[in-house]
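Next come two complexes, and both contain chain A; in the first it sits with chain B, in the second with chain C.
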Partner chain A sequence: MFCTQGAGSHSLPVSWPETYGKMSRQTTVDNLWTQNIRPDGRSPTEMRQIKCSMGVFDKDKGGGGSAYFQIGNTKAVATVYGPHEGRASQKKVGAANQDKMTVNFEYSSACFSTNDRKTSTKADRKSMEMSCRLKSIMDNVFVHHLSEGSQVDIYIELIQDDGGAYAACINAVTLACIDAGVPLQDFVVACSATMAHGIPMIDISAAEKSTGMPELTLGILSKSKEIVVMEQNNLLKLIYFSDVLNLALDGCQRMLQVLEETCYHKFSLLQRVIEANLRRERT
Partner chain B sequence: MNSSISTENKSVAGEGIKEDEGYEWVIDEEEGVPKRKKIEDRTKVRVLNVQANDGTFVMPGQKLAVANEYFEAGEGAYEFANVIYAAIVGKVCIEKFPEQELTVVSVKRKGKAPFISPTIGSIVTCTVVNRTYGLARCLITHVEDVELDDTMRGIIRREYITDKNRDAAEIQSSFGVGDIILARVVGIGEGDFIMSTSEDALGVASATSPAGYQMIPIDWTTMECPVSKARVSRKVAKIVQPQILKSEPS
Partner chain C sequence: MAEINLSDEEKYFIIVGVAQDIRADGRARLDYRSKEIEANVITNAHGSIRIKLAETDVIIATKVELGSPDEDKPELGKLEFLVDCSPLASPEFEGRGGDQLSETICGILTSSYSTSGAIDMKSLCIVPEKFCYVINVDILVLQCGGNLLDVIAMGCKACLGICEIPVVTGLRFDLGEPTPVFTTDEYEFTYLDVREAPVVVTLPRVGRYFVIDATIEEESCSKGKLAIGVTSKGDITSIDKIGRCCYQLRSLAASIKLAAKVGQGLNKVLLEKIESIKSQKKQLINPDFPEGYIRRKTYKELVAGVDVKIVRVADVATVFAEEFPTATYSKPYLTEKLNQANFFSSDWTSGED
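Presenting the complex of A and B:
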């Protein structure tokens, strides 16, 4: 970083455009925020590019679905198997489970997903905690009485973690569950938000996270706006909290639009394929 | 004391305003002023207040209709706070049952059967995969007339084969490996369904002879191969098999 010159814009020639002068003389990566620009060039309310698709794997006979969700460089794949008949060991647990859906979650992050390389992440404490958290969220969102006594297995693989991985995982699981036909009360959409220099910012990236910014992950049910997840890392002043929360809510709405669009795209194509097949059969 | 205060409060709150039943005061969002609004009694609505018509494409969480004793959620939909919501992606299907004054609103998805599990009392179709002295292990392939995505395991114990002469019944002389049998689920055991064939209409529906031909029942305990004329004993289900009637020489 080169240090800022003391010279202000008043020392420049009058013909020099005001903002251009500021940018060229004063601005460094460290004080980009004065121009409302974040380290990766986004504005505070700008989200990274979202790519998502449903049904990324071929379906087995036992039903199921899968989804891929990417926001910026954060990539997550979720696969759902089921609903199918429960395993013997789980049926044994008791009659209490008979009128509920059993949900199994397994989260794992690829060993190359973050900057530090790990040998195996399948059973470490962080992954176990993540599976547990995701399970408790989805358990509340499933409509249990529609497929009682059945079992759903959900596997999530985080391919790359570039900030907002928790939110990305939730979105991927929602899409995969919709693809698999698991009865859901509503879309669960999640988004992260942060605050730095008094500016609330949406969709935190890993570069921002590493500077010690607070990270708020918010997950809501899309229609009722009921909060199902709200988690925060690092400290945030309480007076700023409502701003960050509102921004995260806004992000959730935008996320919902993307997810719904993916759904429509996927299912209208499916219907078109079916209609074409029927026409071929008739002729 | 308390009662007098509460009555005072009431009089203050309701100054000059008639307390009518069936109305409530709602703050109007546009003007920011409370306005008198009729409370909608959803339990008495008889006309289907549809937000999504028959055949429309819906997403989870989308409102479908008002729910009360005349309108219910079917498969793929759920009720919450007197409203029917969709639970899966699919098309709305509205079925009317005029006799019971009931309308069922459900969401159906093409090419994806809902999860079905056998319940106690339902008739299932299964294939025998293994038999021991005490029991026959089966794979359930159909529940009633619905084909399952995934097979489930079930067992038939020796005591549950026939209605009469329970102790005389044997697995070896009642079922063969590969037979397709009809059975009724009588219980859920540890990891598999317990089934029974102790009814006339239940038992072996179709069996293949060692020579590879479909066998014909000649009485309710015996089956015969039409080619090799080999006879085996089976607990035959009393069902009319049209293909066998047709193949008989006239």
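Presenting the complex of A and C:
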């Protein structure tokens, strides 16, 4: 079923069946491509609606932080505990590099996250791979010398996967780390892009991905514009590559704006609370 | 169970407070905290609920699948629970740390739902011995702030109540085997009847008194608890004792009576909530729709009886024509095509025996 959520000014005026009832679905989709409209009604450079928030769980134990990131129907929640003293088992592993912060990462996806139901709650290979990839990204971004020998636990849960889950996870983890006060060098922001019919498109959805379109996930550090994540699957012709890459970079910039706004909102609120408390103490 | 460490003084404060009927957050022993229920949070499930009770936060989603009934219960559908204690709730649940808790909760839910009256499992059967609906209830624990079991049971009842089960419009015959054809209309569904589905009331014993809706601090003060499944009529469907405390027979009887009373109230509130969610959904579909739209054609009406073989070719062709209204196929054309392709085995189409 086509989702019209997040469609902006370019969205179709009415839902699918009323207008296109007389035409077969495939023909209509082909017609749409010629008008630069994607199956869910977006234009090629239009992202789905983003909702994100920090501090979604009120945690008073362990000085943790948490964040929720939603783009379209892709939803991810991340929680960060720490930095705290390393656990005994982790200390042994980290003994060789005591000058570093130990990062403990666990990614899991909910049973109901995709259309095919996952039948067990145990970590499968896909989620273990995802944990490794996300861990290596965050390992590069942490400022290790500020909390040597300590440990950070990062847990991320993918509640629903509707395309662009990898990028959503990276953004959620960044926000959660900021909320927890783990020292980061910079924002890590990620965005996906794709290409079909010679048109580069931003923010791939699951419906598009299932038709075999390539998916390029790009993650950058916001200030230095260094690329920290780049991953692409499916066939993408080399002549189109730079176009898709530029679009993904543009997407990262827009994503950064959203994340910065969220942080600003959170911390201005925090500042107001602190000021109010100080005022109360004085009187 | 995710527990927190309390000092002896803190424990003393809580226990003495409970004895005086004033708990740490100002409630009396038999007060429930307010809960928030949000429906249809997961768009690719047949029904989903996010239920939040103070700090406890759970997402529950149901997915309906086609399966085959168990051999010893050929005329019943299936209901399966799966609890996932995410490490988001507590670092203890990392890796396989949450498995024990998940299995405990799963067991209690299964036992309280396995009574014959809880849910009409016969309505989940499509073709006896061959096909039935399998309803998978997946529970994701996002945050654990005490009274987890009650919250999960309430969420399950609400989620089953709003679960949209796609209607079977007819039977297709593959190699002579009947195979159900599901509707392609996403608004054509039925609801389960959950009026008699149980909720679970957990009664932890703090000091000498039972409390309901305990916080995580109160749970860590109690040695054990009783989990009691209660229906809306106040009947008990299951009793589980969790933990390592012992009860006197007299206090046990009193506590079960208490649970039945509390459970009845919870059931009433939940059913009201389910009805309001359903009516919202009905309005969302189309306010001008005739009343009976959702139940346009059920399996029973089509098949007219339990025996599968009574379906006529004409009926099946009607169903096909309804499924592809835009196609140019007329009914006779379709019937002819189906006959040509040997779609129906001859012995089935000729006779009704």
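Note that in this section the second predicted complex is superposed on the first by the 251 of 283 C-alpha atoms of A that agree within 3 Å, B and C clash if a C-alpha of one lies under 4 Å from a C-alpha of the other, contacts with A are read in each partner's own complex, and residues count from 1 in each chain.
Following the convention adopted for this analysis, a residue touches a chain if its C-beta (ideal position, glycine included) is under 8 Å from a C-beta of that chain, and two chains touch if they have at least 3 such contacts.
Fair warning: this is a prediction, and the values are worked out from it, not measured in the lab.
Participant: Based on the superposed arrangement, let me know which partner A:57 touches: chain B (first), chain C (second), both, or neither?
Facilitator: Touch partner of A:57: chain C, not chain B.
Participant: Would you sort A:111 into first (chain B), second (chain C), both or neither based on which partner it touches?
Facilitator: Touch partner of A:111: chain C, not chain B.
Participant: Determine, under the contact definition given at the top, whether A:207 touches first (chain B), second (chain C), both, or neither.
Facilitator: Neither chain B nor chain C is touched by A:207.
Participant: Once the structures are superposed on A, label A:230 by its partner contacts, choosing first (chain B), second (chain C), both or neither.
Facilitator: neither
Participant: Which chain A residues come up in both lists, the one for chain B and the one for chain C?
Facilitator: 61-62
Participant: Provide the residue numbers of chain B that touch chain A in the complex, in ascending order.
Facilitator: Touch list, chain B to chain A: 57, 59-63, 75-76, 78, 80, 85, 87-89, 109-112, 114-115, 117, 149-150, 152, 188, 190-192.
Participant: Can you list the residues on chain C that touch chain A in the complex?
Facilitator: Residue positions touching the partner: 4, 42-45, 48, 55, 57, 59, 61, 63, 65, 82-88, 91, 94-96, 98-99, 102, 136, 138, 140, 142-143, 186, 326.
Participant: Which residues of chain A touch chain B in their complex?
Facilitator: Going by the criterion above, the answer is residues 61-63, 82-85, 87-89, 91-92, 143, 145-150, 178, 181-187, 221-224, 260, 263-264, 267-268, 270-271, 274.
Participant: Which stretch or stretches of chain A touch chain C in the complex?
Facilitator: Those residues of chain A that touch chain C are 1, 3, 21-24, 57-58, 61-62, 66, 73, 77, 79, 81, 104, 106, 108, 110-112, 114-115, 117, 119-123, 153, 155, 157, 159-160, 162.
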